[in-house]
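Next come two complexes built around chain A: one with chain B, the other with chain C.
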Partner chain A sequence: MTQSHGQFINIRVSDGVEPLLRRPISIHNIEGTNIEFIFQVKGKGTNILAEKEVGDKIDILGPLGKGTFKYEGAKNIAIIGGGIGIFPLYELAKEARKTAKVNMYLGFRSKDFVVLEDEYRKVSDKFILTTDDGTYGNKGYAIDFLKEDLKQENIDMIFACGPLPMLKAVQSLAKETKIPCQISLEERMGCGIGVCLGCAVKVNAGDQEIYTHVCKAGPVFDSNIVEI
Partner chain B sequence: MNTEVNLAGIKMKNPVTVASGTFGYGREFDELIDLNKLGGIITKGTSLKPRPRK
Partner chain C sequence: MLNSIGLQNPGVEYFMQNDLPWLRKFDTKIIVNACGSSVEEYVELAKVLNTLDIDGVELNLSCPNVKSGCMAFGTSYEGVKEVTSRVRKVLDKPLIVKLTPNVTDITEPAKGAEDAGADGVSLINTLLGMSIDIEKKKPVLANNMGGLSGPAIKPVAVRMVYQVSKAIKIPVLGLGGIVNGRDVIEFMLAGATAVSIGTGNFIEPEISIKAIGEVEDYMKRHNIEDINTIIGKVEMN
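Up next, the complex of A and B:
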């Protein structure tokens, strides 16, 4: 598997048709021929997936998504993640760190939602963890800490993945500071391969507004062109 | 073997089609299969002019 960051896999959770559609889940880490993914148990599909045991075989389709995180040429990057949106950022940090300084900003709702702190700290040069309510780490939103650091740090690229309000704030920040920024989007998906056309997202292509698809052209997009 | 069918006046070389929502506009699968083998492609509901989602 070629090394692309920010892709996902579409996982078949049941042998039958209930549920029918695969579950799209981001790739968290790649280690040799092993890939790791992490998911939150939310509904029927993820519940079934959570029942699998070590040694079970699962049917996956992937890696999917032509829009991947690209950091070539960057020397000082900011990676910002929120909640379960942090999962696809691990592999990016791990690899980018070989050629760039990684400034990591992770935000969670509260202490109960904090996960993988040590793992992410190990792949960061600078590591800031926040909780909205201050029950763990710094109190506040991750983006505010990034904004503060931008006053003295020369960040040349920003990468983000997380809840929509966070992505919108990052998009505004990137537009304002003119720092190149890539965001990973999430949409409900059907096929995951660009043919059911269910995960459409609007992008600006010059003076045209067109629709493209998160599963195929994404999930990572230039924050300046995508409308969220 | 003659596989031609006539579907309400539409002549198709065979009755094999692909269902709406599973096959994009056909061109997405261009590189994977020979589209000419199909009798027809059924696209999703579509409109003459682009229509904004929201």
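Up next, the complex of A and C:
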């Protein structure tokens, strides 16, 4: 199966039943048939994963999700990410930059959380890094810098992935400015393949609201139709 | 796994039009799990299911995540007997009643199902559980409590399958934490005629196929020709 930007993989970190469920992690970079993923050590599962060594085999299910940000036709795109939500945006920027100009806005909590600055800079035409407390880069929220740029620049598409407050702000900004926007959602998942139904999300389909699932229908959604 | 997902689905009409034709493409038996919020709804649903090209119905009298119905019917002899007998009257297809473990004595609702004419019972559904985030001092689940499933509940399930299979004559379908062929054998020795796997599929989509292979290995090692000969053959101490 070929993988594409926006998709994710579901990793079984141990052979036993502890921890029980797989850990869903987004695809960061694709090089031929290889994929790269980056994760933050947060709990039991990611701790075990962090202890794997070069040469260890890992049980991976994927690529999963419909994924795929759609940037075709866009000339000037803005990509905004926050925290660990920046990772699925790298492959997108790399690919989209072949046909469009890429403005990148990355927000982190503080200096200690800043990662891969050079890598992201290389796949951007304009690169803005912020920290909430100003300990590195620009002080403030990434979205405020995007808002400022929208006043002068002709951005025709926005892509976002990050914490919920950021996504909500991006969603309302896109609505106000009528700029097409796609957001990648993070959700707790039991299976990642549309079976457990744990990652339900409300979307507007025409004139009615229906529930769909982040793992199968997403994780990338048109910000106009998804309720977050 | 502790969940409060509930029974989200678009209803029986959607199932008829979309899911059933797709399922029928595969060479397998189709058993439909059905839940209602009142006895009348169970009956209405059973009438519809009776007209469909399906192989059986599993009555869900035991979901802990549905506010009304379901578990309320499943906790007593009388409750299970009433719903099951009303459904039995309108359903000609094989009828399995799924039981909740959140009771003092699970053989009571099991007897209710048997006396009402069910063809079998399945057990166990999830155990009611709760988990607390100690930093936030709040339950982890938005619904506060939820259903516990997976390997954590297997010993409870095996015990109940054993008890129920001794108490009734109709077949028992065992489930609760099965993740491999060894677990399947354990349930069958306890008294299960068949097993099903839920949570295990979330970790490993091909888990059933792997488990069947492991059961066959066990049969070879123990010179078993017919797997039915091990049902209920646990030798108690």
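In this text, the second predicted complex is superposed on the first by the 225 of 228 C-alpha atoms of A that agree within 3 Å, B and C clash if a C-alpha of one lies under 4 Å from a C-alpha of the other, contacts with A are read in each partner's own complex, and residues count from 1 in each chain.
The definition used in the following text is that a residue touches a chain if its C-beta (ideal position, glycine included) is under 8 Å from a C-beta of that chain, and two chains touch if they have at least 3 such contacts.
All of these numbers come straight from a predicted model, not from anything done at the bench.
Measured by the number of chain A residues touched, the leading partner among chain B and chain C is C.
When the two structures are aligned on the shared chain, A:225 is found in touch with neither chain B nor chain C. Of the two partner chains placed by the overlay, only chain B lies in contact with A:202; chain C stays clear of it.
In the superposition on chain A, A:194 makes contact with chain B only, not with chain C. Judged by the touch definition given at the top, the superposed model places A:17 against chain C, while chain B stays out of reach.
Looking at the shared chain after the overlay, A:61 reaches chain C, while chain B stays out of its contact range. Applying the stated contact rule after C-alpha superposition, one finds that A:41 touches neither chain B nor chain C. Overlap of the chain B and chain C interfaces on chain A: residues 190-191, 195-198, 200, 211. On the side of chain C, the complex with chain A involves touching residues 1, 3, 5, 8, 150-151, 179, 199, 201-205. Residues 12, 17, 20-22, 61, 190-191, 193, 195-198, 200, 211 of chain A are the ones that touch chain C when the two sit in their complex.
Contact residues on chain A toward chain B in their complex (touch as defined above): 190-191, 194-198, 200, 202, 211.
Across the complex, chain A is touched by residues 21-24, 28-29, 44, 53 of chain B.
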